[in-house]
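Note that chain A is present in both complexes that follow, paired respectively with chain B and with chain C.
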Partner chain A sequence: MLLSPSRLRGLGSRVPPCSSFRPFTAAAAAAASPTSKPQVYLSRSRNPYLNLSVEHHLLQTTPPDSTVLFLYTNRPCVVIGRNQNPWLEVNLPLLSSLTARTKPGDHEPAPTTIDLVRRRSGGGTVFHDPGNVNYSVICPPESFDRDKHAEMVVRALRGLGVPGARVNARHDIVVDVDVDVDVSESDGNHGANTFKISGSAYKLTRLRSLHHGTCLLSSPNLGSIGPLLRSPAEPFIKARGVESVRSPVRNVGVGNGEFEDAVVAEFAKMYGDPDVFCEVGDEAGAVDGVEKGMKELLSRDWIYGQTPLFSFSTYPTEDDPRERPSLPSDFHLSFEARHGQLSKFTFVNASSAGHVDIPSSSSSSPLDGSRIYDVEDWTDALRSYGGTVNSQAETAGRWLNGLFGTGHAKTQLR
Partner chain B sequence: MISTVLRRGALSQGLLRNGLYQTIRLYASYPPHTVIKMPALSPTMTAGGIGAWQKKPGDTIAPGEVLVEIETDKAQMDFEFQEEGVVAKLLKETGEKDVPVGSPIAVLVEEGTDVSSFEGFTAADAGGDAPKPAAKEEKTEFSSSQPAPAPTPAPEPEPASQSTGGLLEPSLDRHPNATPAAIRLARENGIKVDDVQGTGKGGKITEEDVKKAVASPATAASAPGATYEDVPISGMRKVIASRLQESVQNSPHFFVTSSISVSKLLKLRAALNAASEGSYKLSVNDFLIKAIAVASRKVPQVNASWRGDVIRQHKTVDVSVAVATPTGLITPIVTGVEARGLESISAQVKALAALARDNKLKPEQYQGGSISISNMGMNPAVDHFSAIINPPQSTILAIGSTKKVAVPAENDDGSTGVEWDDQIKITGSFDHRVVDGAVGAEYLKELKKVLENPLQLLL
Partner chain C sequence: MASIARCVRAARPSVLSTISKPIAATSRPVFYRPTQRCFSATPISEVRKYTKDHEWIDLHADNKTAVIGISEYAAEALGDVVYVELPEEGATVAQGDSIGAVESVKSASDINAPVSLRIVQSNVELEEKPAKINRVPEDDAAGGGWLARVEVDEQGLKEFEGLLDLEAYKEFTATLHE
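On to the complex of A and B.
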């Protein structure tokens, strides 16, 4: 009973839809039964919040001894890791300018919108768009290996005519490419140029292990990724949490359909013909577990509030002695934010004192206790600081808006 | 006072059994508490990042509940706590990176303790962070893993096709003077492009040159004639190296060897296996493990460990069994051998060995142990050997291979002849700080007694 996608497509029929997401309904015979071992799900939705929630739901509900492959493609979005800091990793003002204001009643985001998503697995920040296919393998912890399924994708790519593909020491998939200029040896790159085409991240629970990765096939946006992932606030922020590791990237140059078929075929070679093989669409959002997951992923508390402690200051401090770029006027501004909640917020004239006094817990700073991601416009927020610095509220506020992407009516994420 | 002592006794038994080496502390003016340390969530983890805390001070935690999320090498994991109690204080912030395994991360107290008294408690109060692992990229583990110190040969590394020649290359020389095609061809054929004689402009190495080098590997210009090769040291090897060295340098070892007749043991084993109907298959090693525990009842000093200021006398016999894996030696533990039957020991050893070979052992499965066994009996060349003690234990038994030995025997007619006896040589290595010479010898005597008359295992 071979269910290879190419077979099915050859027969003129499409991959069957997961009928009312059958595996997750009460009548869930196939996927939940202990006899289902390999399972393959293909997503037709481009909604990153939905796709990640489906993936998480698969992680939580598929039988403990099953091995599941899930392939999905997202509309343009920036995806940060579980413990990362969006103010540090992402160019929020650029993102915000691309996110057109939607009116209530709009069902699709405007074409230039780039979503911001925080996933549940670790690792760094990546950019997704329809030219990038994501693969996700869920398996029992005993068979978990960081490279095993990356190697599987490499075999699929080699079969598609990408001979230079391999897994590197960071468990990412890279391609070695020959160039016509003088080559130099570095990092064991065999004297050729090496580009990253896929990054990996993992989530390990007691019962299941998840490995997912991207794969840059034909993204039209490669040139724009760089600016999007460089935050203007970076010189001022000292953060805990995971930092991203930058690599030069490149498209593989195969089609999404071909790639999906090849990966499914390699998966079937490893684990046998899948017992479950179906398509997931936007209607999966109605399934209980998926809906709950989406709500969490969409909430600002999750996206912004799950940020570990970080400090921001316009002047060098003991903790962060880096030189700072110049400011538009003479003010000192600093704060700490723990889970997005502001504390020790200081806004004073630069010329007032040689060193800056951080407010002690006894003195009250108007913004302490507010959530940084609730501040819609810093010019308004800073006006609550009286005294001589008040005259700088407009300038400083506009500057902060420029760093954090605030200062115009925010879109409502759905 | 008494109630504190009693509580300490009860709680630490459970903690020791889990191998988590957390002890109740009586420290300054703080109520009795336990310091929770950063766990090694895999045998190769050396440090991790603290993620979201799932419990805050004042919350109760039950076994199996997630205390905190941990991130290591792009993997998000849940730290499921195995004890119960109340969280008194969190010592690390969410987002703190590279917290070494073993560093204090939180404080646990018993139900009913006043949590607010821990408000000012810091990591320094808990004893400070564990030392940082040597290199961030190496996945080595120092204090937590206990690979067997027995001198077993490590698997041979794959011979690489390149040699370094030993000299520092000036930076100019590092750019190979070759065409991209030549470099690719050399790479595909596994030869170092630098070793190829270049015939192009300015000595540039062309594809033709590489093709010739591939075709005639005997010529001096091409294949590297390596007289040695530097193999990078793996994480596991580093751990084995440091622990063995520590053991030999710190424990005054002495060795006692005994030749033990196992003829009766082998007969008993055959008989039990014949009656098993496939439900178990006992090995000699299983009997040895059981015998080690039985003999420890008579000479408990060998089941103790040197702790610096005290000698810890273990009440249970947890035997660390040396297992050779493709990556090195590791010692999973069979716990509570004194209470287990041979069938249970056999099943445990098989299960742990399989996990060890797949590198899937959980920390509590290889951390701890009160005495060790290292069996090289499957290698007929080994008559006997002396093993290195697994710190902080004080004893390890090294098992040689079975030999047929001629022993004097009475013939039926009264004359003396010989008969053949199956014998093994067992060498005990003991830490003289804990076990004196005569005590070690006494232990071997008890071990010999029970192995030569295996029905005594029943006593």
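On to the complex of A and C.
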């Protein structure tokens, strides 16, 4: 039997919200039975660290042959991919100074800061806020397909009157809109007529496959996303790992509840009526696996320390010959960082750099071994460097603060 | 690794033909030890074995050191690898545990230990050149796409015996195409 969206909404409200342990014990019980039916979880928490940890817990603990749908919405946050570089992907100084709107049409910025989150799946950087609903489908590897569940969401959107929605070659969902149509909501990309509304990412383990995606429904922050995801350090960084692909984005203009109902209904069409259907709240953070996952996601060693090797240089190098923007003063500064830990740090007067071999690799710098995310103020850090370049520590330090930000510690406080 | 390979419906028929070729990487030396008897009657040093999760392991003649990597089948199914998270040197793990990951097509895929082992040395070249995993995933020589040099103990040796030889692995991957 197919459940209509309204019927499902009814079901959702009839079933009392799961207590913290119910969803997972329910899953454990289902694991014991030979046939595992589909499961649906709706999160009522807006905490991105909690939601991603509940999702990871479901990935690890649901029956190997079950198919699970998890829907969640986060408070404003920037979410980078597993193998990305936050200093390259995100304007961290802006991130720590900015507040986001939480409601559509909310013109006074609510006192909400923006979290920085590194997820466990691959792919690029996205922005979440309460106008963006995330869907996640966990299934056996045998039935995994990169487009299958994006297509499911497309069917849901079409049913809600978004006929232009389709899955593109990058496994994202885009809408084609008439250029004459109002594009004031778009990210300043007037003239473009294909807009991304949903980005996909995947986590594949031995026993389970996870596909999750965003869906921009009514974000009041689209204008802020662009600047937030442009790092001032970009011209100086050569990174390994994964770089994001920029796309103009747009809201679908559908309510969160409507969208959730429609996605659940499409999921039920594919896999049958859910055997487990429950709501998850903040109390899920008390579940062992979830608590452990949150601790990891909140740690600075994960958010910053998981960054792949990268190099930073204020002047063109063999490895990265790009011309550099002009600097506030006459210095050469370069380093490498593996897992966010500095090595080969050099800071010299540009005038002397021409004569001396720049990397004085034999004499190790006082900053080597420090973690970028432990440096709270670069002017102090550079002063400890000493030498003739000391007179430039203040200028260079303030400049670096403007590239990397000084708010690294804040994320830990949440 | 099971996940990707098994499920990305490998639309490319070339996978099988690649696999059915003799393994290209034969540059590793063959150890002749005429005065010593091997543990088993057949010298396992010359046999590469595979897991159903698409990892391979080459056990050396000393029955202690080995090299591991991912199979050509897996490399093909993954698509373009853009980053390799290397195993942590010194780590001791049980068979099937995740020891690293690769990213391709927005997917972070776990790489699992083919047997219980200790990581001796990771192939750091993959950090700079992840595409090697696509080009020469089964090459265990310098410049190859091998993942790590490892040590195995008695438990690991026992598990090694239970893995698939090339023939059996080929048969296994052939069933994944239906």
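Note that in this section the second predicted complex is superposed on the first by the 350 of 414 C-alpha atoms of A that agree within 3 Å, B and C clash if a C-alpha of one lies under 4 Å from a C-alpha of the other, contacts with A are read in each partner's own complex, and residues count from 1 in each chain.
Just so we're on the same page, contacts are C-beta pairs under 8 Å (C-beta built on N, C-alpha and C of every residue); 3 or more make two chains touch, one makes a residue touch a chain.
Just so we're clear, the structure is a prediction, and the values are computed from it rather than from any experiment.
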Partners on chain A (chain B, chain C) - clash or fit: clash
Touched partner set for A:239, first chain B, second chain C, both or neither: first
Per-residue contact with chain A, leading partner among chain C and chain B: B
First, second, both or neither for A:315, with chain B first and chain C second: neither
Partner chain(s) touched by A:82 [first = chain B, second = chain C, both, neither]: both
Chain B versus chain C as contact partner of A:178, first or second or both or neither: first
First, second, both or neither for A:195, with chain B first and chain C second: neither
Which of chain B and chain C A:208 touches, first, second, both or neither: second
Chain B and chain C contact sites that coincide on chain A, given as residue numbers: 81-83, 120-124, 141-142, 146, 170-171, 200-206, 240-242, 308-309
Chain C residues within the chain A interface of the complex: 1-4, 6-9, 53, 82-83, 85, 96, 98, 101, 103-110, 112, 127-128, 130
Complex contact set, residues of chain B against chain A: 41, 49, 51-52, 69, 71-78, 80, 93-97, 174-176, 180-181, 183-184, 187, 193, 358, 360
Contact set on chain A toward chain B in their complex: 81-83, 120-124, 141-142, 146, 170-171, 178-180, 182-185, 190-192, 200-206, 239-242, 306-310, 338-339
Touch list for chain A against partner chain C, complex: 81-83, 120-124, 141-146, 170-171, 200-209, 240-242, 308-309
